[in-house]
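Each of the next two complexes has chain A plus one other chain: chain B in the first, chain C in the second.
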Partner chain A sequence: MSQSVLEISELQLHFFTDKGVVKAIDGVDITVNEGEIVGLVGESGCGKSVTSLAVMGLVPNPPGKIVGGTIRFAGQDITHWTNKQMRKIRGKDISMIFQEPMTSLNPLFTIGDQMVEAIRIHKKCSKKEAQAMSLSMLEKVGIKRKGILDLYPHQLSGGMRQRVMIAMAMVLNPRLLIADEPTTALDVTIQAQILDLMRSLNKEYGTSILLITHDLGVVAEMCDRVIVMYAGQVVEEADCCHLFKNPTHPYTQGLLKSIPKLDGNEKRLYSIPGQVPHPLRMPQGCRFAPRCEYVMDHCWSQKPELLETEKGHLSRCWLHQAKEGSGNNGETNATNATVESS
Partner chain B sequence: MSPLLLCGRNVEGLSTFEVAENDMQTDTAKVEIQPNHVEDEKPWKEFMRAFIRHRSALIGSIIILLLILIAILAPVLTSYEYSARSDDLNQAPSAEHWFGTDEMGRDVFTRVIYGARISLWVGFFAVTGSIVFGSFLGLIAGFYGGWRDTIISRFFDILLAFPGILLAIAIVTILGPGLNNALIAIAIINIPTFGRLMRSSVLRVKEEDFILAARAIGMKNSRILFHHILPNCWTPIMVQGTLSFATAVIEAAALGFLGLGAQPPEPEWGTMLSDSRPFIQTAPWTMIFPGLAIMLTVLGFNLLGDGLRDIFDPRMKQ
Partner chain C sequence: MFAYTVRRLLMLIPVLIGMSIITFAVVHLIPGDPAQTIAGEKATPQRVEEIRKELGLDQPLYKQYLDYVKGLLQGDLGKSLITKRPISEEIGPFLAATAELVLTSMLIAVFFGVNLGIISAWRQNSWFDYTSMVIALIGISIPVFWLGLMEQWLFAQTLDWLPSNGRMDPRIQMVPITHFYVIDTLIYGDTEVLWDVVKHLILPAVALATVPMAIIARITRSSMLEVMRSDYIRTARAKGLSEFWVVYKHTLKNAAIPVLTVIGLQLGLLLGGAVLTETIFSWPGIGRYLYTAISERDYTVVQSGILVVATMFVLINLLVDLIYAWIDPRIQYGRK
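Let's turn to the complex of A and B:
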């Protein structure tokens, strides 16, 4: 097995607000290996973006605070690094691209200024060298236009801006690229181009990518491994093919069912009943229990653990965990969990 | 100027509809609607075009330019000294004394045009001072928040709790009467205006995605603050600065009128008004011309300020 670049284990990040403690991330384990593309899937508000910001050390504190677990990057524990320490690896070793290419560039500076700045923060080089680097990187992301460095962001389209953002993120050849819904704001045709681009950069540079999205189509196309999040927890993790063929968690099953099909004879699109639980009023037991069609009695009172159902496939669901474990808590379950797949 | 313009244009892009509506109503502030056109035009050129089309901005800037010219060329424009007395007391305007003479036989025209120097000087430095200190405090308060924000905002509140001119009088009383102290007082009372404006802009800009993106590439706080947030907050400060210039001129005149600003024989407009008060019936020209000068100056800066606001923000109803 290849070396892991990013290793998040048991991460808990809570927001301490006036109204109470919001457990935005409550037990998230994510491993991204060298050169791997990992998809992080979940609906809005499930903690995907907060997870990515936590890795970057960009969660505003207060009110957000990491209360448990660790984040390891390239072997180093960066969980409690200071802002000053984090600054040295942001943009150089871990880069991030954002959902909104339209607003992620400063409107007052040219593309060239912003790229040169991004380079010169981490690398001692002359402006000329930085410009040359920028140009060659921009060419790699498919922008060959002359004078691009002198253009202002408003002179570019959304897809072009996202390319610029990617170029900016990749120019220092980081080990990990976090892409927070990079294609959500783009046209479908442009989406495909951007995804192609990211995959080719992944191949060429061996950069690991943590792709955050709510679009399962994007995941199917891009990722080696998929992690499904629900209400601040990882509920399922598996190989991409495996997950699509054989989803074990009812939430994942629901997500897959709610994709429109081309041969669709069904009149109405399936949707998971109910709503995401209120962040201040999380269910006691399994967080998905109120919406689950297979819900059992002990789902309401006991928290399931994230356990392997078969090799490399993890699921946080009582359906696949030892029935005799009901009545005990999850930790004893972990020892006598049986491998069970549907 | 170009960053300012870009800031404005960014807003335009988002509100194409409103821009189009504006164009139908008036012919002023005609701005580019098609992005393709924008691409080919230099920002500076585009600004100039919008500026020239905006009538009040143009008139305002012409008035101000003339004032500045008059202030600079004062010794050329008149053959009198502003403090030179003659025996012709309180004479009506004539070919020799265009604006007449005052109660000490001094040429009012000469005093009015030298007065432009004082008023512009006070206005410029008072406004610059308040912008520098106010913006800095507002920047810190808005960006860092927390206790810094509490302290700075309460400081602004305290300053704003007093009527401006009253506070200025109090400050001058402490520092002692004189033009420079009046200038300092005016600068101080205008600090909260700029401070609050800057603070609110910073609060808005710091939540922008590109600030998060800047952090994500490892940029230092100080650089984000001064290179990415500050330039994006500049437009309202610029507009308010122009408008405050007018208020500063009035405040300087008011302090002069009360005998707390420029001291005789300085040809300050407010002081001139005050000095000639007893002669309002016998020699009205001694009051009319300095009064007109104050009015024109204030009008010029207000027109320019309003114009700039419209040009930078086309959503504003004209």
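Let's turn to the complex of A and C:
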């Protein structure tokens, strides 16, 4: 059994705003094992980016505050580490790349300046050595352009900038790379190249990757395991293949159904009805209840738990919990129906 | 950078030509017969004719302008009607006095303004932020002459800590070299006189610094806040960079452009607009020189004074533009 690099359990992070408490993350469990690529999927605003920022300790406080649960990194509880403690692992043991390569590099410093800085924050070495390290890392991510270190970000294309970001994140060989929608802003051919690059770095260095995305295609391509989030909670978790073959949560089913199929002859693309609940007005019971096809009476009032439906497959839905519990016939039928339909 | 500098210098030429036309017009905009007006109502006709000749007003207009520009190119600003001395010689010490005062107050304004703005942005919505922004608002609103008088009343008259006017103790004898007294005393190596000069500088410099400091603080704050929200600042933090470097290296450099613009404009404004402060503190600067010239109807001095101040303004803005390009490499490329 491989060791876990990142272990988030029962994490609750709330934003205390003037208008009320926004429960951005409300009970999230995520484990990333050594060398594993885990996908974190969900719509905009479901809390996936906040989760990743929480791991980095970069959620602005105030208004954001961790009110419950723990984050363990490489065996250490880093939940309440100070900024000063976090700085020592940020960029060195945990690195992060962001969605917007166009704006994620400082426009007024050269690529060389920014890479050398990233190295010398954590490693005692001369500027020359840091430059050499930067060059060899840039070469690994496929940038062999001469004089690259003296260029400014605006002289590079989006794909190149994202490569630079990856090189910067990987140059100190971190144990965990958090990639927050790394390919969303890029066009499709570049997307594939960046994903290939990340996978090969994962193989070569054994770096674990937490890949945050809303693109199930990317997940299928890359990930060993998938975690689906909805409205600040994990609703389903499974091995990648298993999830695609056998999604148990109605939200995941909806997500999968809304992928356009080339062979299909549907006239209209499927979409999950309704909208993500307003963060200040979360439903009392199951958060997906207002949009769920299989909603039942007690879904509105009681919160479902994240429980194992099969080995390694977790789901937060009354459809499956009722199986073991009250034994309501209607629910069981509904479950079977969903499984068959998918 | 070189090409950009050359291009920017070439753009200066039409501006300077425009300025020379406007200042040339100053004398010709005097209503009625300029020579008569300048000579005064009681002047004899001979005196009026003398002045007309002296100013070349008997020549055709285009020739007058060409002569004027020719003079300017040779560094000849004309002669004062009152003292009969060349203005280019006379104006130097006044200009130096103003420059010394204005540069000192800009140093104060930039140091305090920028740092107040940075800390306010960094600790947004804290008591420090609120207090410094209220101070900034008061600073913008206070009339400079009132502040100057209050300073004199408190620090010179009541507490007797600092001298109330002039550039140095009148009993001190010093042959000025650069007319920047701080530099002169340093050259002479006389620390006692230096201290006296510095003491004389403090009150007028603080009075003059208040408004630009307040403006700089507010612009710095808003510019910093905008930059702090950007993605590359998050990247800088994600690298493990300490908050100090995130703020003073990554944020400040990006926030600097609007701040620089304001600094340049304020510096230019102060050079010509220090009249009130110079009058209150009896500071023998260019503002007072012009003020006296206007009240004595010394039109040639007014003409040249305006030209000199305007040229300084243009040169400062040129400098600001060059600094932009040095800070932000995208600016040079953008104009290609």
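For this structure, a couple of remarks:
In this section, the second predicted complex is superposed on the first by the 322 of 342 C-alpha atoms of A that agree within 3 Å, B and C clash if a C-alpha of one lies under 4 Å from a C-alpha of the other, contacts with A are read in each partner's own complex, and residues count from 1 in each chain.
Quick note on the criterion: a residue touches a chain if its C-beta (ideal position, glycine included) is under 8 Å from a C-beta of that chain, and two chains touch if they have at least 3 such contacts.
Source: prediction; values computed, not measured.
By the touch criterion defined above, A:188 reaches neither chain B nor chain C.
By the touch criterion stated above, A:262 is placed in contact with neither chain B nor chain C.
Judged by the touch definition given at the top, the superposed model places A:152 against both chain B and chain C. Using the contact criterion defined above for the overlaid structures, shared-chain residue A:87 touches chain B and also reaches chain C.
Of the two partner chains, both chain B and chain C are touched by A:95. 56, 58, 87-92, 95-96, 98, 100, 103-108, 117-118, 121-122, 152, 154, 165, 168 are the residues of chain A that lie in the contact sets of both chain B and chain C, per the superposition on chain A.
Touching chain A in their complex are the following residues of chain B: 3, 6-7, 9-10, 13, 35, 38-39, 208-210, 212-220, 228, 231-232. Listed in rising order, the residues of chain C touching chain A in the complex are 230-232, 234-243, 250, 253-254, 327-330, 333. Partner chain B is touched in their complex by these residues of chain A: 56, 58, 86-92, 95-96, 98, 100, 103-108, 117-118, 121-122, 152, 154-155, 165, 168-169.
Residues 56, 58, 83, 87-92, 95-96, 98, 100, 103-109, 117-118, 121-122, 152, 154, 165, 168 of chain A touch chain C in their complex.
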